[in-house]
Amino acid sequence: MATPYKIQIPMYEGPLDLLLDLIRKQEMDIHNIPIAKITGQYLEYLHKLEALDIDVSADFIYMAATLILIKSKMLLPPDPLAGPEEQEDPRADLVHRLVEHEKFKNAAQLLYQKQQIEEHVWSRPDRSLYEGEEAEGEITVSLVDLIKVFQEVLERRKEVTKIALSHDQFTVAQMMEELRKQLIAGEDGVRLVAFFEACPSRHAMIVAFLAVLEMVRLQAVVLTQEQLFGEIVLRKHKMFDVVFSGGGAERSVPDETALNKIDEQYQ
Amino acid sequence: MSLTPVELKAALEATIYAADEPATLEQLASALGEEKSVVRAALDELVASYASEERGVEVRAVAGGYKMYTKPQHHEAVRRFIKSLRPPLRLTMPALETLAVIAYKQPATGPEIQEIRGVNCAGVLKTLLEKRLIVTAGRKEVIGRPILYRTSKEFLMRFGLSDVDELPSLKEFEALAREALGADEGVAVTEPAASALQKTSPGGQPGDAEVKAAAAAAATGETAGTNSAS
Amino acid sequence: MSLTPVELKAALEATIYAADEPATLEQLASALGEEKSVVRAALDELVASYASEERGVEVRAVAGGYKMYTKPQHHEAVRRFIKSLRPPLRLTMPALETLAVIAYKQPATGPEIQEIRGVNCAGVLKTLLEKRLIVTAGRKEVIGRPILYRTSKEFLMRFGLSDVDELPSLKEFEALAREALGADEGVAVTEPAASALQKTSPGGQPGDAEVKAAAAAAATGETAGTNSAS
């Protein structure tokens, strides 16, 4: 449905674009901006956005504050002790930013045109002389591919973890094994809360807790908390490799009956 | 259309050069809107001008059409040139994955890499060693003493890094990705949202939803429309 | 080996025709076993011979090397013979502006780019990285060690530049903007040049005349006057 009143409001990528447009449309001198007028128009625009229920980004709000500050500075009488050279125009910084910004906007236009031309020309290298060079299934790779692929591998790992954790019954040893896998795969440790939350049942969560305690006791992991009430992260510790080499974990975990007793206590 | 003979010859040259497949006389004539006889004469001229000694390329009639080829006497020079180039780094997906894991987890053992990737990596490790992208870095002092791998100098060179700590961290990359999400900068708005709005005729009004959508898009930086105020 | 001047020119033509990537003077000289000065002279001659009106193809200096392209004025005829059209590089204005900042300020960090543009650029940076128009260039040794970015070879090729130095200086853009403003007195700018241009190809292609005009404008660097449109 159409709105009861006509809304035609231009959109700007950022506050500098909005300001430049206001200045250029009204043919103001960019080096001598009527700051009170511009501030008024700028705020009016933000109010229009709000009236339309559009989120105004922080960049726009920060600029509004800057404009108001400049405006109030302009109202102050000049410092009588300062020489004429020292009297800095409160607008200077803003003007500089606007001029710079406009230059790059113009440069972007040039790039746009250059790119348009390139879209209309073709180059056809003679592939026949390259035959046999490319092996099947290979792709040309760059640094971006490297990190994207690594991210995908870790995502896939998380999926596997989810499936593994959806079993009904766990032993502490199994849970320790799971933690070990996540510690090897993760970038910077395992987030404790997230690990507990991934557990499908209360039982699993208890087992997970016991597994963490056991690993701390064995000095395979260390719990870190960067700030008060901050997130607790599980990291590899000095005995990590020793504990997890060749069944070390199996030997030192509580046996099944002990575990069952603990479980019973909680039920 | 009617082109001058010079224009016609130039257009034919451009077309034959760029065409995916040999271009036939009929196709060329109809594309250029010229008589077949005129086009044929221009083609003959084009072929003749490429036949001269001082040209390294030629236009040949093949499979019912015309196509450009390097002249055989220059194949040797061209091959030598291609060989002299450093080919771009090409890897299979498994190799790239393994390399990525090593780059970010180094030094890492075979079993560790396998653990993260979920598949056996032995063959891929061999490939990466052969391509000199990774090197061995001693053994890990755990049971079985598996070999440790890390990335090589060649790896740094190939990826334009001066040190492994220049690799963007996952956190940094995810920060970029988060910003990109929602603000779909990659998809060009060939028509800026703002001017699209303006184009709605003075009588008609854009629907509320439309305005909001465009506005929201603009607010998140999605629009290409910059200065088009009315 | 020593080739005659005629042979050398022919060999250069064949090599540049066949090469995947722009062939640099150094690569050509070493593959052909000739002095760089001799090769350069032959290249100049080759470029000149292709520049003439009657040629539909040209040899251009791009991304630090030489490469063969169709001339833009033949795009309509050529397009019909290309089945596998490469996807157009669609960039939004924010992406182009970010690219411009990087091109002129490189190497530049995310925060530096953000400072100039006044908005967060992370999403745009990711897009530009994925489109391979920019690459990372180490880290800046300041607090936080932010990643540095610079434009890539792909950027030069996609924008038809032989080097970033080829771009007009930023100062020129300032002067042009002022001129444009002066010339434009009394006319409200309702639509910047970019969106006017962008409107020409929302799927369709800009007409021949437009491409030529853009080509001429870009060649003389006169384009920057955004505000002079409409």
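First chain written, first letter: the chains are A, B and C, and each begins at residue 1.
Quick note on the criterion: a contact is a pair of C-beta atoms (placed from the backbone, for glycine too) under 8 Å apart; a residue touches a chain by one contact, two chains touch by 3 or more.
All values derive from a computational prediction rather than experimental measurement.
Here the chain at the heart of the shown protein, by mean C-alpha position, is B.
Greatest centre-to-centre distance from chain A is found for C, with centres as Cα means. Mean C-alpha positions place chain A and chain B at a centre distance of 27 Å.
Separating the centre of chain B from that of chain C, both taken as means of CA atoms, is a distance of 15 Å. The centroid of the Cα atoms in chain A and the matching centroid in chain C are 31 Å apart.
Each of residues 17-18, 68, 70, 75, 78, 82, 160-161, 168, 173, 192, 198, 221, 223, 225-230 in chain B touches at least two other chains. Those residues of chain A in touch with two or more other chains are numbered 13-14, 17, 24-25, 57, 105, 122-124, 126, 129-130, 142-143. Those residues of chain A that touch chain B in the shared complex are 1-3, 6-14, 17, 20-21, 24-25, 49, 52-57, 105, 122-124, 126, 128-130, 133-135, 137-143, 145-154, 156-157, 160, 181, 184-185, 187, 241-242, 244-246. Residues of chain C touching chain A in their complex: 17-20, 67-72, 75, 78, 82, 88-89, 91, 93-94, 96-97, 99-101, 103-104, 116-120, 129-130, 132, 135-136, 157-161, 167-168, 170, 173-174, 176-177, 181, 185, 188-189, 192-194, 197-198, 201, 205-206, 211, 214-215, 217-218, 221, 223-227. Within the complex formed with chain C, the chain A residues making contact are 13-17, 24-25, 27, 57, 59, 63, 97, 99-126, 129-130, 142-144. For chain C in complex with chain B, the residues that touch the partner chain are 6, 9-15, 17-19, 21, 23, 27-28, 30-32, 53-57, 68, 70-71, 74, 77-78, 80-84, 90-95, 119-127, 129-131, 135-139, 147, 189-192, 194-195, 198-199, 201-203, 226.
Those residues of chain B whose C-beta lies close enough to touch chain C in the complex are 6, 9-15, 17-21, 23, 27, 31-32, 53-57, 68, 70-71, 74-75, 77-78, 80-82, 84-85, 160-162, 165-166, 168, 172-173, 175-183, 185-192, 195, 198, 221-230.
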